[in-house]
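Once you scroll down, you'll see the structures, which are given as structure tokens.
In the two assemblies presented below, subunit A is common to both, partnered first by subunit B and then by subunit C.
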Partner chain A sequence: MSKEQEPSIYETHKCRLLRKYQLTDLESLFLFRFEDPGVAQDWRFMPGQFVEVSLLGLGEVPISICSSARRVGFFELCIRNAGRVTSAIHQLQPGSLVGIRGPYGNGFPMEQFHGRDLLCVAAGLGMAPLRSVFLYALDNRWLFGNITIINSAKFGNELLFQKELEAMKDIATAENISIVQTATRDPDFEGLHGRATVHMDKANVDPKNCAVAMCGPPAMYRGMFDYLVEKGYDPRYIFVTLERRMKCGVGKCGHCNIGTATSWKYACKDGPVFDYYAITSIPGLI
Partner chain B sequence: MSPPYVMKRTDIKKLVEAASNEYDVFGPVKKRSKHVFGKIDNPDNLVMDYDSTILSPRKYFQPQNEVMMSFDLEENKVEDTLDELRAMRPRLLMAVHSCDLNGILHLDRVFGGEYTDKYYFARREKTTIVGINCLDSCEYGFCRSMNTHHVVEGYDLFLTPISGDRYYVQVGTAKGEHLVHMARDIFQEAGPEDFGAFKAALKHKNESLPHEVDVEGINEYLDLSFHHEFWDKMAEDCVNCGACAMVCPTCYCYDVVDDLDLSLTSADRTRKWDACLFQEFALVAGGHNFRESPAARFKYRFYHKMRGFAHDQGILGCTGCGRCTAACPSDISIKDVLKELSGIWEVAPTAQGGK
Partner chain C sequence: MRYVKISPENTYEFLSRLKGMGTLYAPSKISEQFYDFQEVDDVKDVEFDYHRTIRPPRRFFYPVEETMFTFDTHKVELKEKLPRKERVILFGVHNCDIVALRIMDAEFLDEQPDPYYQIRRQNGIIIGLSCMPDEYCFCNVRRIEFVDAGFDLFFHELPDGFLVRVGTVTGHKLIDPNMDLFSEVSKKDVDNISEFERKKADAFKVKGNWDDLRYLLELRMDHPMYEREADKCLGCGNCTLTCPTCRCYDVKDKPSIDGRTGERIRFWDSCQFRTHGLVAGGHNFRETKQDRFYNRYQCKNAYCPETTTAYCVGCGRCTYFCPADIQFRSNLMEIGGYQEVKK
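Right after this comes the complex of A and B.
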């Protein structure tokens, strides 16, 4: 195909919504399948990457992929009903078509994590991209040491994938997997209370040989960084994913441009996953 | 390499007339007391010798509003406008100054790369550009300080006014050579004395264009002054109107909006110029705004231009065209910002991240 005939970078692939499953009051899990068999076979992503979901006449939104990267031709998105486009997605019935382009972003460097323990720390919607990381580790169980996942939310009924994680607990101990779920502002929650940072002692990992993947609000990162470094976690293996307004996804439109003095990044192209060094050295990143 | 030519300045009309058979011609035209880039239907309206234009020629490659796709919502069909764009009539863009040619080269880098923007390059490839050398300074520009007062690429033809009311014509590309051949009889191959006149013109330019701002070491002093109160003081005057970004030849940020037809059966996906000065620019779902304060947005634009471009492309993002200064309702001068900035570096170097 010559350069002339190449399609636009904004062209989307048609995907069919197969299943919609309500996770919380605001968030639902959507399972999509590519319509074109060729695309379905070739399309791959890495945990931490995102897609742009397009609804004709309404617009596009960037959403992290939250499913296992192993399942070819299918992917899941956990979407919060937060705006014009996402509320329209929530109204879609199974069988509806949406446009998808991507995957975009760097994703977590999963291959660098091989041979290490894995600690995932999620707050709120941050559980969505980290589910993909966690599932990757389960899919490739023999490539990882101990695994701990800390899932936190303000209220117990806001914990994403709570039931799914809870159901894994039976096999978890035998598999050296620790699952910690905590509610930060919910005295009625029948489980752990307090922020993720409070429960870090439950992480069954060796700090010196552990990869850390985090997704949550900037305030959590600040607290966690201090804690992790103090406990001897290797800063080269601490990664977080950032939220920005990734309008185009391809490093052009400028909306997710971040960085100020010594460095300059597009969250969509250079991120959304950044390492400890980038986060702590670039003012304005968190 | 095509030889340089010379032509009579008055023959520009003949060139435009000849080119009109094949191209839609655009160039500077008078608009009240100023100039703008506009369509040239009558060659008499073309102004070759002009100070600056309100908007930069960016609008010809990235229009203010650009429909990328049209949707048929009943049939769930998507119609891309790329084919239409690729079939458009070629365009000739006349009398583009060096600063703007450098601006276009910036945009080439932004819209190129791993994800090449086909809409931009369809327009770019359809356009033949005739650049023109500025031998004297303009009211707000400071191209020499930004090293954009000369070009080595980005033009198809480049004209330098020389003695005898003539232009010295450099050919940059095959498109340029093609244009020469459309009106071959107005061009003469340049001889040794014409080359002498060309050198004399460049010498005049060298003496006449002022070197007003020293940007040497700007990376360092930007890094060190990020937390300086200077920025809050500067931003006090900024009303975040975004005029500077609209007129800038290297501002490229855009928003993508779906415009639904009244009948609700069709829609257009349109991209529109956006500006980082606008309040909602860095707003994300859930309501968090990463640059809530006007000062943060003012500073961001400056750092992106002067530091971000350098990081991405190894070159400063300002071409020194001076349009932002001309357009600013609060009289913020980018030259003054740069001058003051280089001053505080000497007076109060603040450690990076020191606040």
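Right after this comes the complex of A and C.
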């Protein structure tokens, strides 16, 4: 292959929307399949990575992949109807084609998690990337100890994948999986109330041998870090994922830059997953 | 390294011959105060004694706006629109701008090279030119007042011509067929060069190095300078557009009138614009002017491992072209606790 034919870092693959499933008022789950059989076979990602979804004529948006990394040729995106491009994606009908670039970002270091308990803490849209982490652990169940997932949202009807997680409760006990779902500002919610932080005692894991994956607003991380360290969780296995304006995905366009002069980072390339020490030592990350 | 000498008359002849090899750009006076790299028509218009160009040389490899893709909305297909391989020769690039291009290389030609930049850069020839600092320059404290790499040829001013350093094989290939224009370097020429470098070192208003500035910027995050200076800032983005190492870009789709086809275009963006950190839903990661001002000070003073320098090369453009008269160097000196040299 000559140099000119090498795939560009901006190479976009054609993907077909197969199914659209409404999760909440604002968020829907989209199942995509690669059109090119070769790409479908070879395309891989790690939980925590994201793709750039392209609607030609409108532009691109970065979206976390929320499906199982084991499923080849297909992937799911949980997308909030929030802006110009995402509202157009919500109007797409099954069968429509979109462009996909990626996967980008470092993702969660899943191999480091092997042999440990797993605690996933999600707030709001944070459940989207963490679903991929959670599904990884289920797909590789024998590589993990106990698993706890804490899913929180302001209102009960905003809990992402609530039904899916609820349905899993039948096998949860036998599989040593704990599922905690809580609404922070919804007195009518028939379930737990309060922030994720107040339900941390329901985590059925051994802090000393547990990997923690979190995705939520920065304010949650601050409180959570103090709690986790106090309870004896190993900081080396605490990871969070950050949101920034990831425009190019390859550390070029500069929009997702974070940090300070000693630690200048691109969230799209150096992140979006950062460990406890990066978050606590680099000002401005959260 | 190979060193040769060229006389002033032969320099003009050499520039004429370079014109035959590609598009030659060189500094030219474009107004009473400003210089810019312009395509050379008459070699006699080339300005050898200039302080800084208004637009940095990165635009030759990373244009202000370019089409990345053309697309077909019905087939949902993007076609990459790569630049043509055209020879571009930049003459008269100062040391700061040479290091700045190496910093651009570090970002655009990393393990995931940007094909647009790569093609243009591979077809570029860089010819450096020595300079005497003015009151805005501080490349010395950035440790780049003398460059060892990043140029094909480097012209050092002599009282009677130039001493030319040959930096690359491309440089040799420029010299070899034109040996009728060049002569050997004498001991006196070498003495003149070292005298030039001594004068240059003396001309800077600041001395030493600012290696510890990164740490001090982080340790003095709450310094009152940010609030005071950000208050003056107009948010116009001149500092980033004239900066030789700023490289943020935004992307937009430009559909045709019938919507069937279109172009995906990228264009220079500025971290000083409110939209730089703005995402869907109205959230802004750098909400206030001070957030954006602070962000630039951190970014410019961060460490580039490939050049072992800061991203700021001390060219002075952001201060020289600031309509609000914000003094970048003085502000950094305030943070770092550095003093100007008393004459």
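Throughout what follows, the second predicted complex is superposed on the first by the 284 of 286 C-alpha atoms of A that agree within 3 Å, B and C clash if a C-alpha of one lies under 4 Å from a C-alpha of the other, contacts with A are read in each partner's own complex, and residues count from 1 in each chain.
Basically, a contact is a pair of C-beta atoms (placed from the backbone, for glycine too) under 8 Å apart; a residue touches a chain by one contact, two chains touch by 3 or more.
This one's a predicted model, so the numbers in the text were calculated from it and none came from an experiment.
Chemist: Using the superposition on subunit A, tell me whether subunit B and subunit C clash or fit.
Modeler: clash
Chemist: State whether A:8 touches subunit B only (first), subunit C only (second), both chains, or neither.
Modeler: Both partners, subunit B and subunit C.
Chemist: State whether A:98 touches subunit B only (first), subunit C only (second), both chains, or neither.
Modeler: second
Chemist: Tell me which partner A:207 touches in the superposition: subunit B (first), subunit C (second), both or neither.
Modeler: neither
Chemist: Should A:248 be classified as contacting the first partner (subunit B), the second (subunit C), both, or neither?
Modeler: So A:248 meets both subunit B and subunit C here.
Chemist: If we overlay the two complexes on their shared chain A, which of subunit B and subunit C does A:145 touch? Say first, second, both or neither.
Modeler: neither
Chemist: What part of subunit A is shared between its subunit B contacts and its subunit C contacts?
Modeler: Residues 4, 8-12, 56-61, 80, 82-83, 86, 97, 99, 243-245, 247-248, 250-255, 257, 259-262, 264, 283-284 of subunit A touch both subunit B and subunit C.
Chemist: Touching subunit C in the complex: which residues of subunit A?
Modeler: 4, 8-12, 14, 54, 56-61, 80, 82-86, 97-99, 243-245, 247-248, 250-255, 257, 259-262, 264, 283-284
Chemist: Please output the residues of subunit B touching subunit A within their complex, sorted ascending.
Modeler: Going through subunit B, the ones touching subunit A are 68-69, 71, 73, 76, 78, 80, 82, 86, 110-111, 113-119, 222-223, 226-227, 252-258, 260, 264, 266-267, 269, 271, 274, 276, 281-286, 288, 290, 299-300, 303-304, 307-308, 311-312, 352-353.
Chemist: Flag every residue of subunit A that touches subunit B in the complex, lowest number first.
Modeler: Answer in residue numbers: 4, 6-12, 55-61, 80, 82-83, 86, 97, 99, 243-245, 247-248, 250-255, 257-264, 269, 281, 283-284.
Chemist: Considering the complex alone, what residue numbers of subunit C touch subunit A?
Modeler: 68-69, 71-73, 76-78, 80, 82, 107-108, 110, 112-115, 213-215, 217-218, 221, 247-253, 255, 259, 262, 264, 266, 269, 271, 276-281, 285, 295, 297-299, 301-303, 310-311
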